[in-house]
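Here the chain labels run A, B, C and D in written order, and each chain numbers its own residues starting at 1.
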Amino acid sequence: MGDTFGHRFRVTTFGESHGAGLGAVLDGVPPGLAIDWERVQEELDRRRPGQSRLTTPRSESDRPEVLSGMFEGVTTGTALALLFRNEDVDSSKYDDLKELYRPSHADFTYAARFGVRDHRGGGRASARETVARVAAGAIARQVLERELPGFECVAWVATVGDLEADVDPLTVTRAAVDATPVRCPDLAVASQMEALIGEVRKARDTIGGVVAVAVRGVPAGLGDPVFDKLDAELAHAAMGLPAAKGVEIGSGFAGTRMRGSAHNDAFIPRPGAPAASAGNAPGVATRTNHSGGIQGGISNGEPLLMRVAFKPVATIFQPQETVRTDGQPTVFAAKGRHDPCVLPRAVPIVEAMACLVVLDQWLRRPLRLATP
Amino acid sequence: MGDTFGHRFRVTTFGESHGAGLGAVLDGVPPGLAIDWERVQEELDRRRPGQSRLTTPRSESDRPEVLSGMFEGVTTGTALALLFRNEDVDSSKYDDLKELYRPSHADFTYAARFGVRDHRGGGRASARETVARVAAGAIARQVLERELPGFECVAWVATVGDLEADVDPLTVTRAAVDATPVRCPDLAVASQMEALIGEVRKARDTIGGVVAVAVRGVPAGLGDPVFDKLDAELAHAAMGLPAAKGVEIGSGFAGTRMRGSAHNDAFIPRPGAPAASAGNAPGVATRTNHSGGIQGGISNGEPLLMRVAFKPVATIFQPQETVRTDGQPTVFAAKGRHDPCVLPRAVPIVEAMACLVVLDQWLRRPLRLATP
Amino acid sequence: MGDTFGHRFRVTTFGESHGAGLGAVLDGVPPGLAIDWERVQEELDRRRPGQSRLTTPRSESDRPEVLSGMFEGVTTGTALALLFRNEDVDSSKYDDLKELYRPSHADFTYAARFGVRDHRGGGRASARETVARVAAGAIARQVLERELPGFECVAWVATVGDLEADVDPLTVTRAAVDATPVRCPDLAVASQMEALIGEVRKARDTIGGVVAVAVRGVPAGLGDPVFDKLDAELAHAAMGLPAAKGVEIGSGFAGTRMRGSAHNDAFIPRPGAPAASAGNAPGVATRTNHSGGIQGGISNGEPLLMRVAFKPVATIFQPQETVRTDGQPTVFAAKGRHDPCVLPRAVPIVEAMACLVVLDQWLRRPLRLATP
Amino acid sequence: MGDTFGHRFRVTTFGESHGAGLGAVLDGVPPGLAIDWERVQEELDRRRPGQSRLTTPRSESDRPEVLSGMFEGVTTGTALALLFRNEDVDSSKYDDLKELYRPSHADFTYAARFGVRDHRGGGRASARETVARVAAGAIARQVLERELPGFECVAWVATVGDLEADVDPLTVTRAAVDATPVRCPDLAVASQMEALIGEVRKARDTIGGVVAVAVRGVPAGLGDPVFDKLDAELAHAAMGLPAAKGVEIGSGFAGTRMRGSAHNDAFIPRPGAPAASAGNAPGVATRTNHSGGIQGGISNGEPLLMRVAFKPVATIFQPQETVRTDGQPTVFAAKGRHDPCVLPRAVPIVEAMACLVVLDQWLRRPLRLATP
C-alpha cells in the first residue's frame, strides 16, 4: 500500500525510474477547474534534473500526458490521471547494482520487504517518483489560490551543511528563491552554498541541508484534533520524501530550549483578520509565531512554518564497504549522473506536499449547520 | 475526523478532560491474546500525573474498564473498548478561561474550527487524551513481543532545556529510564535536569525538551513505499502528540551537516541476523545507524531511532497578554495544577505511539505467495 | 476491522450482547448541533425488544450515556461517544450453546475466523449491536433535516412471508407505519401479517420478509462515481444488517423482466425542483421512478427507494441437526426469548443505515469553486 | 472520490469512454507473482464488445500496457499500473447528446453533481470503465488460485427477461458457461434467451436479466464483523456495477418467504473439510446452502452464491421523452452501436468483482498469534 496520500484530495502515484513511466491519479479534484498547465509545468521544471550545474544532467522533459479527468479545458471532477513517460533511460548502467546493496539506499530494504527488486535506478524508491507529487501539488495550489485569498506557499533552501541563510518567512518570494541556482534567497549565503556544493562535488561526495517552507493565507481552523493534526499530516507528508530525516514546525527543536514564558505566542486583536473557517471567532493575531501557525493541531491564521532535514545523498563516487545479495562483503563506488546536493530540487517538492496537506484539510473542514 | 489511527490495528479515541471520561476502541486486536492488564496499568501509571514532585498532582486512578472485546480472559478479535472515567474533576476552576484564549493553547483554534469549545481543561485538546493512546500502545506492545523475538521499545528523556544526556540506544533499559523521576538514564544529567525543572517551577515557568526512543528487534522489511513510509508514519504519530514540534529519525537535523561519505551506513554481513520479513534477503547489519533503522522508508533490521521535540508547556503562572473571545485584549495568568515539564510523562506516550506504528506495519506486510 | 462505517460521518461501534454494554463513537458530527435526545430515544424505542407481543420480551431500557462530544447542550464537533449498558443479562441461559454451533447463526463462522468465541447471546454477532447504529442514524437524521428541507426517511414492512403490502412510497408516513405493531401501513395486510406471525410463533418457527424504505427530499448530485455509488453504499449498509440476504434499488429484480422502453424514466421539466447540489442543473423530474432515485450511482432528486430482504430468524424452537465444537453431530432446539419475525424491529434499523449513507454522501459532495 | 476499491488489495481506476484511455492502479499486489497475461487477456476478451452478434460491434483490442509494477516477468509488490488506450473513438457521434439528458442514463446526475459533464459515450459513467475492473479481478483470481487450493469463481447468465436457467452452482464450469454466446450453461434456455434477445433487438428495445456467481474453495473465516461483512462487501461491489439494481446472497428474496425451519442450513460433520482460516474449527459442512456460504457476515466454507440484477440497458432506439440541458422538453432516440442485453458481457465483470472482494478479505484475516 502506501501509494495514496490524502482523504478528500487523494493522490495515488505509480511508476519506477526505469519502467515505462510515472504517473498520478488524482481523486477529489474540484470540477470546473481550468488548470493552468503552464504553471504546472513551471513547478515540474523546477524539480527537473539538469537545470543547472548543481544538479544531475539526466534529461527528461517531464511533460505529463493527461489521460483522464479533463474535458473542454476544465476538470470534470472525476479521476484525473497524468502520465510521465520515462525517456532518458539506459538501464544497462545499473547492471552492476543488481548483485549488491548500495549503502543507505533502499536496495536492501526493498529486497527484505518484497523478495524481488527492480534494481534499475532505485525502481519504485527512486526520487523520480516525486515528479508525480509535484504535478499533484501544483494542481492543489491552483485550487487553494481560488479558495483562499492571499494563499502563498514558498519554500527555500535554509541550510546546506553548516551554512545557514537568514530569511524572513513573512515576506520571502518565489522570485527571490529562484534568483539563485541553489534556491536560497539570502544572496550572500547562497553564493557560499554554491561554492560548498561545488567543493563537495569535486570531493566526489555529497552534502545535506534543510528546506524551509512558509504557507501564508491559511485561515484559522484547519486540522483535525487528536491523530490527524495539521502538523502531524505535514510531518507525514514531509518525512515521506526521499532522504528526509527530520521535520520541525515553528520553533521545532530550538523551542525545546526555551522557557514557556518566552515561547508562548501572545494573542493580540487583529480586527481585519481573515475570517476563521468557522466564521465566528474574532480576528486575532499572535505577536510571535513559535507555534508555526498551528496550535493544538489546528491552524491559527498565522503563516505555517515547517523545516525539513534532508540527509546527504547516498550516492557518492567514493568506494564504500557493502554487501552483495549473496551476503558476501564487497566494495562499491557509484558512477553516472547524480546530484551532490538535492536541496535546490527539493524546494518545489516540499511546496507540493505542503499544498496537498493544506488542500486536503481545507476539504475536511467540519460542516457548519445553517440552523443548529 | 482524526480520532482514528492505524489501518490494520486501528485505535479510535474519544473523550474530554472534564467530561464523563476518555476511552479507546481498538479494532484489529489479534484474537486469543491473554492481555496482561498489570503491564498495561504499569504503562498507564507511568503516564499518570502525580507520580513525583516533578509532575502535576491531579489525582486520577486511570484504571480502564473493559467494555467489550474480552471473553474468558482473552481477546475475541472484535472491537476492544476501554473507558477511563474522569474522577478528579472540578470544572469550576476553569470558569475564568471561558471568556478568553490562553496563549499557545488550542482554545482559539478549536473555537475557529468548531465555533463551539469545551473550555474545561482543554476539552478534547487536553493531553489527558493520551491515556487512551498509552493503553492502546501497551496492548500493541504485548502483541509485538509475541510476534517478534527480542522486541523492545524504550524511550527516555534525552534533553531538558540545554541539558543533554548521553545514552546508548542499543543498550538502554526501562529500568535505567525509570530509575530517576525525570526518566533520564544518564544519572549525572538526570540530577541536573531535576534541579533545572525545580528552578523553572519556582520561576512559575515551564521548559521543553526531547524524548528519544529506540525500538529494537524490528525485522527488516516493515514500511510501505512512497507516502506511508515507516518514518513518515512514525513522524505522523509523534507530531500528533500534544506539544510536539519536531521529529527526527536517525541522524535527523545533525545529519544535514554531514557528508555522504560519513553519513552512509556501510553494510556488513551478519550471518545470524533475524530473518527479514520476506525471508530471503541475507542477514546484514550496518556499521553505523545514521539511518535510524529505516532506509527508503522501510526498516533494515537495525534499531529504529526517533527523537521528538516537545515545546515548553503553554500553561505558565506568569501574567501574559492575550485576547478575550469578544476580541478585546486582556491579561491572563494560569492557576491550579500543571507540569513545569511534560518530558518525563511523555516517555510512555512516545513508546505507545511507536508500538502502534510498528504493529500496524507488521500487520501490513505484503502477502508472500506459497507458489509464485 | 469492520467496526467503522462512513468516511466523513464515521460511526465506530463496539460491544457484545452479554458484555458490559454496546456503544458507538461518532466522528464528523457537525459542531453546534443541539441534539434532540428525545427523538433519538424514540428511534431506540422503536428498535427495542418487548414493544409488543410480536417481539422478544428482553427488557432493556436502551438509554445511552453520552461519554463525550457534547458541551452545554450542543455537539462540540469532536468524537461523540455513546454507551448502552447491558442490563437484562443472564448468560447462564446460554451455557448449553458453548459446545455447539447453532444452525445458520454466526457461531461456527466466528470460531473459524477468530479461534475464540463469545457464545453468550451471539457475542459481537448479536443483533443487539444495531442499538448503536440506530442511535447514530437518529443523529444523522437530525443533521439531514437541518441541511435538506423536506428530508424524510420512512421505512415499513413491505412483506412478511407471502403477504405483500400495497404502499405508496411518495406519501407513506411514519404515523401510518407505527399505527400497527407489525409496522405495515397497509392496514388490511398488516392484520394478516400479525395473524401469520402469531401462527408461526405457535408452530415454534420463524418467518422472513422485506423492509422497504423511501428517502425523500434528497437533492440530485449525491453519490460518487465508479465504486462508491450511492446505491453501492446503500447496499453495503443494508447487507451488513443481521439476517439481510438481499437488496434492491428501485425496480430491483422485477426490473430485469422489463424492456428498456418501459423501464426508462422519462425526464420532464420541474421548474420548482430543489436545486441540484451543483446548483446549475435545471429542475427536472422523472415520470416514473424505476431508477429508485439513483442513476449512474448518483441521486437524481427523486425519492430513493430500497428494499431489503430479511431471512427468517435462525433461532427456532424445534429440534435441529447440527455439530458440536468437537465435530460430533448433535441435535439442538433453542429456548428463551426470541422474535418469530424481526421485520417490525428492522424498520428503524434500515432507516438508520439509510440516514448514515445519505449524510456521509452529503458531506462528500465535491467542492464548488467560487472562481473556476 | 469513489475511484478506489478495497483495503489491502486496492484498485484505483481512471478514464473515460472517449478520453485518452482507461486504466487501473493496483496497490497491494503480492510480490513475485508471475502474472499469466494470456489469462488476463482471456477475461478482457470475454468482456469486450463485438464478440458475437449479441453484443455491440465497438472494436477495441483492450490490450493493457503495463506502466509499472512488473520487473523481469514478476510483480514487484509496488503499484501496478495498467493503461488501455481508447482506439475506436469517434466522438462526433455524440454531439447531439451534448444538449440533452438521456433517460435513465447518468447524464443528468453527473451534471447535477459536477456542474460539468463529458457527454461523449457517457464519459466516466461509461460501462467501458469495467475494463479496468476485469483486469484487476483477473490478477486477483491468479493470486487466489495460488493461495486457495480449489478456488474457482464461475458466473453465468441466470435469467434474461422471464427466461430462467436451471444451473447447479456446485458443478457449473466456465466451459459450460462460454459454450453459448449468451453465457447461459442451460443449453435449452440459452437458445431461448438468444431468440429473445434477437427479438428485442429487432424491436429496437433492450432487456434485463440476472447474473449468478458461485465462488468455490473459499475457506471458512473470511469477512469482517459488523459493517464490512463479506456479503456487505460483495453487495457493495456488485451494486457499483453499471445497470445493477439488485443483489442477493444465497436464498435472497425467495428466502423471505420461507420458514426458519426450512431455511436453516443444518451443520453436518465433514472430516476432510478445508481448514478454516483460524485453523482450529472442526471440518463442518451444511446440508443446504440457503446462507450462500456466509453466516454472520463470515464465510462458512460452503460456496459463496450471489445473484445480481441488471436492468434493461437504457439506450434504446425508440423515441423517448426527455429534457434538454436548458430545461426544455424534447424527444430523443439513440443511434449507433449498443447492446440490447448486457448480461453476457456482465459475466466476467461480476466474476472480477467477486475475486476482488474475496482476495481483499483473504488479506484481511486476523493475525493468529504464535503464542497467545
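Methods note: a residue touches a chain if its C-beta (ideal position, glycine included) is under 8 Å from a C-beta of that chain, and two chains touch if they have at least 3 such contacts.
Everything numeric here is computed off the predicted structure, so don't read it as measured data.
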When subunit C is superposed on subunit D by its C-alpha atoms, the rotation angle in degrees, nearest 5: 180
Check A-B against B-D and say which one is joined by more contacting C-beta pairs. A-B
Subunit A to subunit B: how many Å between their CA centres? 25
How big is the gap, in whole Å, between where the Cα atoms of subunit A centre and where those of subunit D centre? 39
So, in whole Å, the Cα centroid of subunit B is separated from that of subunit D by 45
Counting only residues that touch at least 2 other chains, which ones in subunit A make the list? 1-4, 7-8, 13, 28, 31-32, 74, 77-79, 113-115, 124, 225-226, 278, 364, 366, 368
Which residues of subunit B touch subunit A in their complex? 1-5, 7, 13, 101, 103-106, 108-115, 124-125, 129, 159, 161-162, 200, 203, 205-210, 219-229, 231-240, 242, 244-253, 255-261, 263-269, 271, 276-284, 286-287, 290-292, 294-301, 309-316, 318, 320-323, 325-329, 364-366, 368
Contact set on subunit B toward subunit C in their complex: 1-4, 8, 10, 12-16, 19-23, 25, 27-28, 31-32, 65-72, 74-81, 83, 113-118, 123-124
Subunit D contact footprint on subunit B (complex, rising order): 7-8, 28, 30-34, 74, 77-79, 143, 146-147, 225-226, 278, 363-364, 366-372
